[in-house]
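Both complexes shown next keep subunit A, but they swap its partner, so subunit B is in the first and subunit C is in the second.
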Partner chain A sequence: MFLRNYWYVAASVDEVKAKPFGRIILGEPVVFFRAADGMAVALEDRCPHRRLPLSMGKLVGDDVLQCHYHGLRFDRTGACVRVPGQDMIPPAARVKAYPVIERYKWLWIWMGDPALADPSQICDFHWIDDPNWGAKGDYLHVLANWQLVVDNLLDLTHLAFVHETTIGNAALVEHAAVKVQRGPEHVLVTRWIIDQPAPPTFVKVGKFTGNVDRWQIIDYRPPAFLRLDVGATPTGTGAPEGKRVGGISMRNLNAITPETETTSHYFWAQAHDFDVKNAELTDRIFQQIKLAFLEDVDVFTAQQRLIDLNPAAPTIDINADSGGIQARRIVDRLYAEEQAALTAQRTAAE
Partner chain B sequence: MPLNFRVELIWQDDNANEAASIYLTSDGRVMLQGRAVSAQERKDLHLPADADMISVDRKLIRAIKDML
Partner chain C sequence: MPEASWHRVAAVSDIIDGEAKPARVGELEIALVRVDGTIHAFEDVCPHAYALLSQGFVEGNEIECPLHAARFEISTGKVLCPPADRDLQVYPVRVDGDDVLVQIVR
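What follows is the complex of A and B.
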């Protein structure tokens, strides 16, 4: 199940160069390259002649992509502009062109109706390139359905078990009050852990010597954008009342793009608002979080393996799943609405 | 007394109006927020006299349908 009329992160901007590269997005093959004028281009990665991925080809001139097999050429709009050995270009010789935009060091792609592509709808991830924050990001290829990643990020009780050596500890499960606010197109999960020991990563980065008041505020936007406001201050210094002093505050930023129904592209970054020019610190925080994320990837992969084995195996829900359940309900509703609109369009066209 | 894990659910409509909270407690109960129904109201409306009763906002009913 994919929502199509949304912006997705397709690549980091550094990946997009003159040399074409292919990536499956929402089950569609897409080829990316950077034209001579610096603009990123995304086209269907399938030559309409014999279906070779155009990403195996090369750029000819400023912005023309040549197929590696028989040399058909396509411009940045997807139109075929040359068929070697003949003057006539078949009318159907074209590939789909996708709207793309570079923002927050990521390349965003619109996979739905191009007429609906509104850049103002791109989810805000300004922390990634905001000079008031130190930030570093990465990409993970995940062998699991995208919604397993969303579930994971909306239920942080798993930190106590999957990440006990880094960002988790038992206090997360036994001493938390969780608030789940659900609007028409967002879920906000807020949890405070008051007067409890700091987890290992927080002790390393924040130099805490005593108990802390810790917050995790998870902002979910469909299809799969999760922005986590996390941090801690020495206990009793007023963080729950909005006074964040003497501690650390970070943003964990996540954009998950479905590749197929059972694989995902996971773009993420970690930002911090203290000692922001300290690149060594930025990298140290990034490495700690990456360690934890790789532990998560192992979990997703194992989950997907068992889901594939028996998709109908029953599951249960617990209180901690509340945020993830609300997110899935929003996605289910949006998917039903999108499908209904498509059906109406098809009916009107017939 | 130590705090056990507890979840508060809040539903918002299209205009960001919130329903009263739904609480899921660690001992498996669901707690709703409402106004106690007075003895006079019970009498006037022919409601049971011997049970704890609350009246709730309709937004809360929508929240229950959507979220639970």
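What follows is the complex of A and C.
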């Protein structure tokens, strides 16, 4: 199940070069390249002649992609502009062109109805290239359905178990209440830990001398954008009321793009608001989070293997699942709405 | 003989409009919700799969289970939709100054 009328992250901007590369997005093969004028281009990665991926071909001239098999050429709009050995170009010789936008060091793609592609709908990830933050990102290919990744990121209680030796902190699970709030297109999972000692890593960067108020706030937007806000301020200075002074904060930023029903592209970045020009620190924080993420990836992959083995095996839900369940319900509703709109369009066309 | 007794479970100021406040009397888990100025008390454990209803969603005089979306009427405990298949036990509430008391019969 994929939601189509959303912007998804397709690539890191650094990946998009003159040399074409292919990636499957929402089950569709897409070829990416950068035209001579610097613009990123995304086309259907399947020659309509004999279905070779166009990403096996090469760029000729400024922005024309040539198929590796028989040399058919396509311009950036997807129109075939040359068929070797004949003058006439068959009318159906074209590939789909996808709207793309470069923002927050990511290339965003619109997989749905191009008429609805509104760039203002791109989820805000400004922390990645905001000069007031230090940030570093990465890409992971995950052998699991995208919603397993969403479930994981909306769930704070696995930290103590999956990440026992990395970022986990068992004490948090038992003593702090998690609050789940929801709206038509968002879920907010919030946990406050008031007037407690700061964890050692926080003391090191935040120079805290006494107890702190600590927060973990997970903001989910469909289909699969999760922005985690974590931080601490000296206790009693007003962070729970929205006034953050004298503390530190980090953002863990996640954009998951379905590749197929059982595999996903996982783009993420870690940003921090202290010592922002210290690239060595940015990298150290990034590496620490990456270790934890790889622990999660092992979990999703193992879950997916068992789901594939027997998709009907029963599962149970526990209180900690509320955030993930609300997110899935939003996706189910949006999917039903998209399908209903498509059916209505088809009916109108007939 | 069953015996009824009143138990202090919360301060009035602990109960935030639009949110359910969990409380306990011994092993008994109770949820407290204020609707139109009146505080109501009902069993906090969803009869369907034992989720805590106080972690669910209050909308007017209804509460929705956080896991499987069963809904109940807060003032009466009446089940409004599946997957739950029975009403919630409700408890009489009395406010004494800033204290919220519920009556438990056992």
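The rule is simple: the second predicted complex is superposed on the first by the 315 of 350 C-alpha atoms of A that agree within 3 Å, B and C clash if a C-alpha of one lies under 4 Å from a C-alpha of the other, contacts with A are read in each partner's own complex, and residues count from 1 in each chain.
Convention: a contact is a pair of C-beta atoms (placed from the backbone, for glycine too) under 8 Å apart; a residue touches a chain by one contact, two chains touch by 3 or more.
Quick caveat, the model's predicted, so the values are computed rather than measured.
Novice: Are subunit B and subunit C a fit on subunit A, or do they clash, once the structures share the same frame?
Specialist: After superposition on subunit A, which the two structures share, subunit B runs into subunit C.
Novice: Output check: A:Asn310 vs subunit B and subunit C. Expected answer is one of first, second, both, neither. What do you get?
Specialist: Neither partner.
Novice: Touch check for A:Arg329: first (subunit B), second (subunit C), both, or neither?
Specialist: A:Arg329 contacts both subunit B and subunit C.
Novice: Output check: A:Thr347 vs subunit B and subunit C. Expected answer is one of first, second, both, neither. What do you get?
Specialist: A:Thr347: touches no partner chain.
Novice: So in the superposed three-chain picture, is A:Asn319 touching just subunit B, just subunit C, both, or none of them (first/second/both/neither)?
Specialist: both
Novice: On the A-aligned overlay, A:Pro184 touches which partner chain: subunit B = first, subunit C = second, or both, or neither?
Specialist: first
Novice: Looking only at contacts as defined up top, I'd like to know whether subunit B or subunit C touches more of subunit A.
Specialist: B
Novice: Which one of 5-13, 59-67, 77-85 or 95-103 is the stretch of subunit C that crashes into subunit B?
Specialist: 59-67
Novice: From the superposed pair, tell me which subunit A residues show up as contacts to subunit B and also as contacts to subunit C.
Specialist: Shared contact residues on subunit A: 178, 180, 182, 319, 322, 325-326, 329.
Novice: Which part of subunit C faces subunit A closely enough to touch in the complex?
Specialist: 49, 51-52, 55-57, 66-69
Novice: Would you tell me which residues of subunit A are touching subunit B in their complex?
Specialist: Spelled out, the residues of subunit A in touch with subunit B are 157, 173-184, 194, 319-320, 322, 325-326, 329.
Novice: Under the stated contact criterion, what part of subunit B meets subunit A in this complex?
Specialist: Those residues of subunit B that touch subunit A are 2-14, 16, 18, 24, 26, 66-67.
Novice: Once bound in the complex, which stretches of subunit A touch subunit C?
Specialist: 178, 180, 182, 316-319, 321-322, 325-326, 329
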